[in-house]
Structure formats: structure tokens, C-alpha cells
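The following block contains the structure, expressed as C-alpha cells.
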Amino acid sequence: MKIKVIITGGTIDKSYDMQNGKMHFVDSHVPAMLAEARCKADYELDKIMLKDSHDLTDSDRLEMFSCCVQADQNKIIITHGTDMMVETARFLAEKNIEKTIVLTGAMIPYVFEKTDSLFNLGTAFSAVQSMPVGVYIAMNGKVFNADNVVKNRQENVFEYLT
Amino acid sequence: MKIKVIITGGTIDKSYDMQNGKMHFVDSHVPAMLAEARCKADYELDKIMLKDSHDLTDSDRLEMFSCCVQADQNKIIITHGTDMMVETARFLAEKNIEKTIVLTGAMIPYVFEKTDSLFNLGTAFSAVQSMPVGVYIAMNGKVFNADNVVKNRQENVFEYLT
Amino acid sequence: MKIKVIITGGTIDKSYDMQNGKMHFVDSHVPAMLAEARCKADYELDKIMLKDSHDLTDSDRLEMFSCCVQADQNKIIITHGTDMMVETARFLAEKNIEKTIVLTGAMIPYVFEKTDSLFNLGTAFSAVQSMPVGVYIAMNGKVFNADNVVKNRQENVFEYLT
Amino acid sequence: MKIKVIITGGTIDKSYDMQNGKMHFVDSHVPAMLAEARCKADYELDKIMLKDSHDLTDSDRLEMFSCCVQADQNKIIITHGTDMMVETARFLAEKNIEKTIVLTGAMIPYVFEKTDSLFNLGTAFSAVQSMPVGVYIAMNGKVFNADNVVKNRQENVFEYLT
């Protein structure tokens, strides 16, 4: 396997809870997404948590770091909530891991009829295979360096810092 | 605009014809796909034809070539039918255009509930921004060089030649 | 117009709010649903509110009642939240309106890839045209009399009381 | 079981064939549709063929007739291609079966993102439970008597004959 996909949760993986009309985690949709995408890249999935990025702790980020370091692969995709994606990207960037790490996620969960989730996952698969060592965010059709990206919370899009 | 998206048709853009139960072209779905994807990359669309790749002539490929050369952009995505995508990629590669050109498409049209189209378009947007000058095919979660790709028509997947 | 469709909100009409990851009302999906359904029945839409059924007041139910009575039509569909659908059905049944009134809604909003909303709306359109004067709930492929239906909140299905 | 659902094929059950870009039969989608619809009516499925209605023979229609007669149920839904739905409805109506028989189908297959299939199946489930003995077609939000319906092939809608 050449690519490790670390699943941590976020909007992309939310499901609808009929009991209360809210979105919640049941299980990851990433396996179904990659089947629908007919993705034949050489990848391995590793679901380490299913969390809103707001709920991520330093301990969770350390687990992601450890998972990146210990992976057999040098190319790593992390699916992640968008609200704190920049924070995790910077956290990992500071660790100077000698791997290509691409974070992605979605503004609209995969289970909706219209969703950015499949497109974003596609950009991440391509980026992780072509970008040099470093930490990146693949969102909105762009690939950002961890140190030059911010989430615009009014527009719900990722933008360059400078 | 930094990216030119040249639309030529193919499975990705087929619609259902109620009159006879067959798939046909009405108009391109690429604008709707990029809206759904929340793509904010700096792109410009140019629909030059809507054709099955089986129906493409040398004249059509020359038009694509000309469109690539004349574009203001150095980063070009071509949406294309999968059956003859490799042939067009090689045709363009032989022209030695000093641009990054990425062909993509879909095995299942965008209008189906389950489709590889959004994922593939995502891989193309990422690849065109990160790959060096050359002609590539972005399909099945991989980015192939034009001279090292073949469509496996039994499995309906793109594979490395060697 | 032979059928009046009174829109009051409920799960069927919820949309996803990217700002906070919750479901909320933007506008009714019923017009888009009836277009997708290729519904050619002679109907007229009347959106009188967009509310969770939990938030409905007696005043709201009186407005529904008044809307039923004043309608030119004798066949009335009401789209409604499921949690208090039985309560509204009974409220209207007690008014002894000389019309056929069918309440329907959905357990999963229309905007999801998988949803019961179109099927339920179909059952309501058929029921309102074939049932005698009275108040009914069309859910889960069944047509219930207002006085013999309960929502099973564990299973999220509507069932006969007796 | 109170309702028998006889599956005979038609557009509703078509799937996409990646090999040639045409629609074909793989298996019936009706079980998945009724799960998505959260249908809890007391029904039993019986898939007797998967055919375009153009390909139906008198022998096929006799098999449908026989299946209706022999069924334990008095309420029967038949999923059927739209092109010859009227012909089958009249064929069955002439047999004067003492049951309520409702034919339905779709103009757009279930596997598309936008489809009339779930709505139509909903109208059929409601109609079969409320209509008296007879043969009906449930399409376009209406329930037609077998002797007063025609398919308008220009508009692709079912209409009253008179």
C-alpha cells in the first residue's frame, strides 16, 4: 500500500439522526466514497476516531501525528472536520514529518444529494501523490500549504492567508 | 484565470433521454459539478464540443490542440470520453505543448446517484495545479503520464502500461 | 385546481446549514420534489409556514384549519413535521371539515441522497384523490385514519393505534 | 402479507452498463426503493421477469395474469415499463380479476439522482390500498382507470383518454 488514509471524522462523515433531526457519527462513509469513485490507487484506510474537529484535543492530534509517523506509507491523507483543519495542519507541520500529508474534508456531508465531499477527496488523492514532503490542505479545488491557509468562516471556503 | 477547463463531452456529460431510454448530450454538467464541489480555483470553462470519444475525428483533436495552445492559461483540464482518452492524450503529448494538460472524465455519468465524476474532476483540478509540463490522465484516483496508460476495457479502469 | 398542497415545514423541508452543521429551513423543497416526480395532478401550492412540528402553536393549527376551510379545493395535502403530525391530524379531525385532508412528511429530509420524502408525497397525492371525506396520515406506505395512528418514536415509524 | 408486488422490469429497474454506455437490467431496484421509502406496508415481492415493455409477449402478459390470479393477495402492484403499460393494463382489465391491480413504473430509472420512481411507487402503494376492484395505472401523480388512460409519447406523460 502506498497511501494511508487516516479517518478522523468531521462533516464529511456525518449521518442524519432521525431520532432528533441532528447530524451525528454512525460510521465513516470514506470506504463507500472510494468505491463510488472507482478509486484504484493503492491505499489503506485507518479509522482512528470519528470526531467533530471542535472536539479534538491535543491528545487526538498527537495520535494523528503518531499515526503519520508510524505508517509504512510516505503519502498520507487525513479526513478531518473543516473548522479546526488549519489548526491540525499547522500542528503536524511543526513536527516536520518527512512525508506528504494532505488534509481534506467537506462543507456538506457525503450523505446529502449535493456535496463537495467526493470532489475534495479526489483532490486529496491527486495531491498526496504529486506534492513534495510537507503538510497541505486540499479544499475548494485548491491545495494549500499548511502555513498559508485560513478558513473564511463567513463564506465557508478556505483561502490563502497572504 | 489560471486554469482552462476544455469541455469535449464523453460519459461524464451524458443525460438520460426519456424518449428512447438512451443516454445523450443535452448540455455540459461541468458547471453544476464545480458549483456542487464548491470549487474556488481560478478557472475558466470552454465548451468546444459534446461528443462521444468514439466519434472524435482528427479534426476534433486538432481543435483541442489549438484550444490548448491558444489558451491564456498554462494549466489545462480537458473533460473527455474514456474510450479514446488515451488516444487524445498521446496525440496532444506528441505536440510537445509547454503546458500542463490533464484529461479526465467518468465511467458513470454525473446524473446518476452514484458516479465517479466528481471525484475524477477533483483529481484533475489538483493534478493540473501540481504536475510539471506534460500531458496526463487523471482517472481512478491516479495521475498517469500520457505515454504510460491504457484503458482496461474488461475492468473499465485505467492502468499503467508498464 | 383540484388539490391544495399546504406547506407547513417539518423534516421534509429542512436544508443543511454549513455555518453550524445543523438542519434548518431555507425554503420549501416541495416544488422541486413535484417537478422531479413529474407530477401532473391538478394542484396548487400554498406555503403558510416553515416550522418544526414541535414549534407549532394552537394558533398555527387554527391557521391550517382556516386554510383548509377557505380553500377552493376539497382535496387537501398538508406537508408537516412528523413529531406532532398525529396531534395536528386529530385537531383537524375534530373540526369535521367536509374535505379529504391528508398529512404527510418525511423521516429524512429531501436533500439527502436517500430519503423517504418522495415516496411519502406520492402516497399522499394518491390518497387525497381516492379517500372519502376525513383526515388521514400517509406515511410508511400506509394511509391511517387520524383517530387510529401513533408515531412510534423508538422505531420512527407510524403505526395503527389498535 | 396483504399486498403483492409483481416486478416485471421497465425503465424503473434499469441500471447503467459501463461497457457500452447503455441502460440494461442487472437486478430489480424495488427492494432498495422500499427500504429507502421506509415502507412498512405488509407486502411481498415477486420478481417474475425483467423486461422492456416493448419486448413483452402475450405469453408474458398471461404470466402476469396468472400471477395476479394465483396470488394470495387481493391487492396487487405491478412494476412495468411505461411504453406498453396501457396495453398490459387493458389486457388484465379484460380478464375481470376480482382484485385491485395497480401498474406503475418510471420515466427515469431509480439509479439517477433525479427520478420519478419513488414518487410513483408511493402513489401505487396508496392506490392499491384504497381503490376498489379494478385495474389502474398510477403515474404522474394520478390514478387512471385502465380503460381511460393513454401515454402521450411526445410529452412522456400519462393522460386521460376522454
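Order of writing sets the labels: A, B, C and D. Residues in every chain begin at 1.
Criterion: a contact is a pair of C-beta atoms (placed from the backbone, for glycine too) under 8 Å apart; a residue touches a chain by one contact, two chains touch by 3 or more.
Remember, it's a predicted structure, so these values are computed and weren't measured experimentally.
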| item | value |
| --- | --- |
| Chain whose mean Cα position lies farthest from chain A | D |
| Distance between chain centroids, defined by C-alpha means - chain A, chain D (Å) | 44 |
| Separation of mean Cα positions, chain C and chain A [Å, integer] | 39 |
| Distance from the mean Cα position of chain B to that of chain A, given in whole angstrom | 25 |
| Junction residues of chain B - those touching two or more other chains | 107-108, 113-114, 156 |
| Overall pattern in which the protein chains touch one another (line/ring/star/complete/other) | ring |
| Touching chain combinations (by label order) | A-B, A-C, B-D, C-D |
| Residue numbers on chain B that touch chain A, as the complex places them | 33-34, 36-41, 43, 107-108, 114-116, 118-127, 129-131, 138, 140-143, 156-159 |
| Interface residues, chain A side, partner chain C - complex | 11, 14, 16, 18-19, 21-23, 52, 107-109, 111-114, 153, 156 |
